[in-house]
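One structure, pasted below without further comment.
Should a chain be cited, it is by its letter among A, B, C and D, assigned in written order, with residues numbered from 1 in that chain.
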Amino acid sequence: MTHEHYQSVIEALYECMAACNHCYDACLKEEDVKMMVGCIRLDRECADICAYFEQAISRGTPFISELAQVCAQICEACGNECKNHHHEHCQKCAEACFKCAEACRSLIA
Amino acid sequence: MTHEHYQSVIEALYECMAACNHCYDACLKEEDVKMMVGCIRLDRECADICAYFEQAISRGTPFISELAQVCAQICEACGNECKNHHHEHCQKCAEACFKCAEACRSLIA
Amino acid sequence: MTHEHYQSVIEALYECMAACNHCYDACLKEEDVKMMVGCIRLDRECADICAYFEQAISRGTPFISELAQVCAQICEACGNECKNHHHEHCQKCAEACFKCAEACRSLIA
Amino acid sequence: MTHEHYQSVIEALYECMAACNHCYDACLKEEDVKMMVGCIRLDRECADICAYFEQAISRGTPFISELAQVCAQICEACGNECKNHHHEHCQKCAEACFKCAEACRSLIA
């Protein structure tokens, strides 16, 4: 794996973390919060695992493949929830999640 | 899975995190730090994933099984490194890691 | 500061993190989620800083006093929000938050 | 505070986290690890608080000023340790730390 490849995954993880946290914040401000409950939960799960994996890669973790697998799964689940909502923050979040899931899958041994 | 069972896993995760961080701290104070480099690295990896998983369980994450799997693997790896060193902090850490790995495996679907 | 004293703070941090995450999870299941929005936000903030500080103490961080100060403030804020809600999870959370804030203040230099 | 300003702080936090974790990894590979012990410890402290604060800003934490203060202090301490070592990874890390400390100070109310 080249340094450039890791760099592009780290960027996808960062973008996904930021999009999830922005979506989390925006969901909590929506008029109909009740409809956004699944989104709020998964946004937190996804932001946390992306932030975690970003740090783990940057410190040279020996568990790249294992963490990539769980991160890809959580990103996929969050993207699938977000894409069901028409809010712009949800649509952007879904996009970042799917892009990040793909980046993670490229690291699975 | 009963509430009591989760509670016992959370306890094992906490004990493992604390043992790994204590071992990390103690390894950095050892006369022969160079020999402890592998231990220092894995102690951080293991403390971080245990702290992460502890929080994830307590917030009702839907990814119990996936996170349990990666956590069990990291605990196992850290225990295997620590058990090779005769220092008391390493031996205690290895014990906490293996106990935690087993607790995590009990959560894998 | 004795080892026993740190141990009692770590316990308060753990109890507070668990209570905040339980409250977060329960708030998201409440019929009137909209009323719980402030609670949901602060529960996450508080759980995260408690988990962070718990790990930092256990690895021998040199920033005990600085982290204790910010953790005490966040616990206090979360407790003040939670105590306004009659749900049992909120009342229990407020109690854990205030206890933890006090434990943190005992570590401020 | 403008969105652009937060964006530039988040970038500084990310750069600092990555530099600290790279320095941590490189210190553990140095021939004379014993001399790098202070650096290894502070690199972890600093990477962790930067990663934490990056997430907190992106989810709209109400504790910007309090977290900025503790983050600035930890970055400053890590930069001061790293600048004493001639390794390129330490010099680069010190630079990223001081830049991040300044960015954090701009957020203190």
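Just so it is clear, a contact is a pair of C-beta atoms (placed from the backbone, for glycine too) under 8 Å apart; a residue touches a chain by one contact, two chains touch by 3 or more.
Owing to the predicted nature of the structure, the values given are computational and were not obtained by experimental measurement.
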item	value
Option in C-D, A-C or B-C whose residue-number contact pairs overlap A-D by over half	B-C
B-D or B-C, whichever has more C-beta pairs in contact	B-C
Chain centre separation in whole Å, for subunit C relative to subunit B (CA means)	23
Junction residues of subunit B - those touching two or more other chains	41, 44, 48, 55, 59-60
In the complex, subunit D residues that touch subunit A	10, 14, 17-18, 21-22, 24-25, 47-48, 51, 54-55, 58-60
For the subunit C and subunit A complex, residues of the former touching the latter	28-29, 33-34, 37, 40-41, 44
Contacting residues of subunit A [partner subunit B, same complex]	41-42, 44-45, 48, 52, 55-56, 59, 61-63, 66-67, 69-70, 73-74, 77
